[in-house]
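After this come two complexes, each holding chain A, first together with chain B and then together with chain C.
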Partner chain A sequence: MDLYFWVFASMSVLAGLFTVAAKDALPSAMGLLTVFIALASLYLHLHAPLIAIFQVAIYAGAILILVVFVIMLLMTPGERMGVIQANASYRGLGVLLGLCLIGLIAVGTKGVSDIVSMKAPPEGFGNPSIFGDLFFSNFLLHFEVVSVLLLVALIGGIYLCKKRL
Partner chain B sequence: MATLTHYIVLSSILFGLGTIGFLTRRNALILFMCIELMLNAVNLMLVAFSNFMGDMAGQVMVFFIFAVAAAEVAVGLAILIALFRHVREVDITRFNVLKW
Partner chain C sequence: MDDWLIAIIKVVGIWVWVLLIAVVMTWVERRGAGLIQDRPGPNRAGPWGLFQPLADGIKLFTKEEIIPTKAQKFLYIIGPALFSLPAFSAYAVVPFGDKIILGGKEIILQVSDVNIGFLYILAIGSMAVYGVILGGWGSTNKYSILGGLRSTAQMVSYEVPLGLALLAVVFVYGTFSLRDISLAQQGTFLGFLPNWGIFKQPLGFILFIVAAYAEANRVPFDLPEAESEIVSGYHTEYGSMRLGLYLFGEYVNLVTISGTIVALYFGSWHLPYIDLGAYLGPISWGIVSFCIFFLKVAFFLWLFVWVRWTLPRFRYDQVMGLGWRGLIPLALFNIFITALFIQLTV
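Take a look at the complex of A and B:
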């Protein structure tokens, strides 16, 4: 049980490091793919099978493919695109801010175990039919708003791809 | 047994990595991928809390984040391609038309 978490957690952190540090955009995308797969495995561990399926289908299947298409569209062969920020103060500030964020959240978790009891989730937790019931009752308005958002994004995407903007 | 704290630390490490990448890289495509990394860290946190509190609402929230991420990537990449037509470059330091 524990080994499962450690394997996929270390896999996601290493792949995340690779995503951030890779020289080219395409290897970076492959690192991100590994992060998605590792997180999908962790979702399975957390009783969220539907979210794991969506993670693979939407993130790894749709979003990442779109990114890879754009990388291939914009990259001319042999070109190195992975340039690190030339301004050293930006670079230092970025690393400092990121590390501060990690430290801050890690310190903040000290009190969490008091708030949340570690009881096992209730019977049938994570069942897709319960997810669907909740989705189309409590969150119906949110669902409609998200559908409008997707429609607007669709129209925006088509408009931005016009020949003369 | 992995506790909630494990998941929170993992999620914060992933979010921090995304932040570091976003602030230090210059390639616009890698910046997009760093944003995706941060969104995924938040998703992991939501699913972990949902599991340990026994409330399915967290998983529904993750679904909405999926939708927003899809919209963000579609529009963002369309903007990037439109920019690329003018500048012929994905280096964000070259996108300085609006810079004061």
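Take a look at the complex of A and C:
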């Protein structure tokens, strides 16, 4: 088997386990960071450098930073998450959500394998310019739907922040 | 085998070279401060105090390593490493010259010419903030946490105008690769100007350099380590070589930023109005292009020092206000104008 894949796949799984099991908030966030970086390495291995770099720049570089920022604002160093983790209802809901997610993934992969036959990626896939071409030709609708979604999120954010509109 | 050898030589060579510049920069910074403040600066160790970095290095390496009792050990130790690792690896996609032909083999003077180009620098640069956060948080000191919080907010805010300014550059050149962008800057623009990025993106250059100063935590944006307010910010509790890694990583970042500025906006290894590559042999052109590139980088390194000892520090709300209310609208305006121009001319 592919050694590179095993190293980074096991690294992401172990880091993911650490993320949910860690007692402190910030080390847990660092576990998530390790997951992101391991996944980015796997994308690199699959010859998709652009996706790898987006994974690092957006998930690790922007979203996780916001999470860490909130942790730093709301907690003090050394404060444990034990109180939150001991809460039975949180635990139950967590199990429920996790099962739902696994179910979704299982249904999704099975459904996809039934409907879609895998196509070979276009020539030079992974190159940023090919990506742009695909976005503005075959996937224009998806692209526009996502941009409308982001616009809605933006308006919602402004609405929540303004005390008086 | 040859390719492997060349790659290894390039990686090790450029790494050592960048570290060397960073070492000399610590001396330039202090002598420059002396020059600007009308005092000698360090001048005892060696000629013009040139061995001062060496003395500092020995001092930092031999100092006792202290870990505060209340510190969270793991975070405290890993912080400086996480800060310096991205700094040391970011230069990989920045060119340091055109190309050199040795033994019939063409070698480009760049560690790796990848098609994602400076997106790599952006991604790696955004990793550096974790080192600051972990250092500030792991120290369990209120000044450190304040410094860490400030740097998080500042770096996240200024990544936006930085990315938007770079987006306009992509509009102009149609590529992310720093080598392709450098090659496209040969010749003249409008018949009389050198064909450099700054003449096509004047506003973009100003936005980029302001945002880059903020990303590098340099004056006037050094709020994370403002001495007069929060002692030393995120590295208050650090000593010995752990502190050294923080300070040193900052200078390595300066080299990368200067290299990026030169490659994007100042014509890389091209001289204005004259194409030396057409007159010189392949080996001598390789060396000359390296020197031209380095001289331009040296100017921007000096600019960092110059600005640091000339300008006062911003207040914190001014920094955030400038980022969100000043730079981002201007960057969006710049993108709009660039797109309009390209639409009308192409």
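Here is the rule we use: the second predicted complex is superposed on the first by the 114 of 165 C-alpha atoms of A that agree within 3 Å, B and C clash if a C-alpha of one lies under 4 Å from a C-alpha of the other, contacts with A are read in each partner's own complex, and residues count from 1 in each chain.
The definition used in the following text is that contacts are C-beta pairs under 8 Å (C-beta built on N, C-alpha and C of every residue); 3 or more make two chains touch, one makes a residue touch a chain.
None of these values were measured; they are calculated from a predicted model.
Within the superposed three-chain model, A:Val67 lies in touch with chain B and out of touch with chain C [touch as defined at top]. Contact with chain C, but none with chain B, is seen for A:Ile53 once the two complexes are overlaid on the shared chain. By the touch criterion defined above, A:Pro27 lies against chain C but remains apart from chain B after alignment on the C-alpha atoms of chain A.
More residues of chain A are in touch with B than with the other of chain B and chain C.
Common to the chain B-facing and chain C-facing surfaces of chain A are residues 50, 62, 66, 73, 126.
Across the interface of their complex, chain B is touched by residues 1-2, 5-6, 9, 12-13, 16-17, 19-22, 25, 28-29, 32, 35-36, 39, 42-43, 45-48, 50-51, 54-55, 58-59, 62-63, 66-67, 70-71, 73-74, 81-86, 90-91, 93-95, 97-99, 101-102, 105-106, 109, 112-113, 116, 118-119, 121-122, 125-126, 130-131, 134-135, 138-139, 142, 146, 149-150, 152-154, 156-157, 160-161, 165 of chain A. By the touch criterion stated above, chain A contacts chain C in their complex at residues 24, 26-27, 30, 33, 49-50, 53, 56-57, 60-62, 65-66, 68-69, 72-73, 77-78, 126-129.
In the complex of the two chains, the chain C residues touching chain A come out as 70, 72, 74-75, 114-116, 119-120, 122-124, 126-127, 129-130, 133-134, 137-138, 140, 145, 148-149, 152-153, 155-156, 159, 174-176.
Residues of chain B touching chain A in their complex: 1-27, 29-30, 32-34, 36-37, 40, 43-44, 47-54, 56-57, 59-60, 62-64, 66-75, 77-82, 84-85, 90-91, 93.
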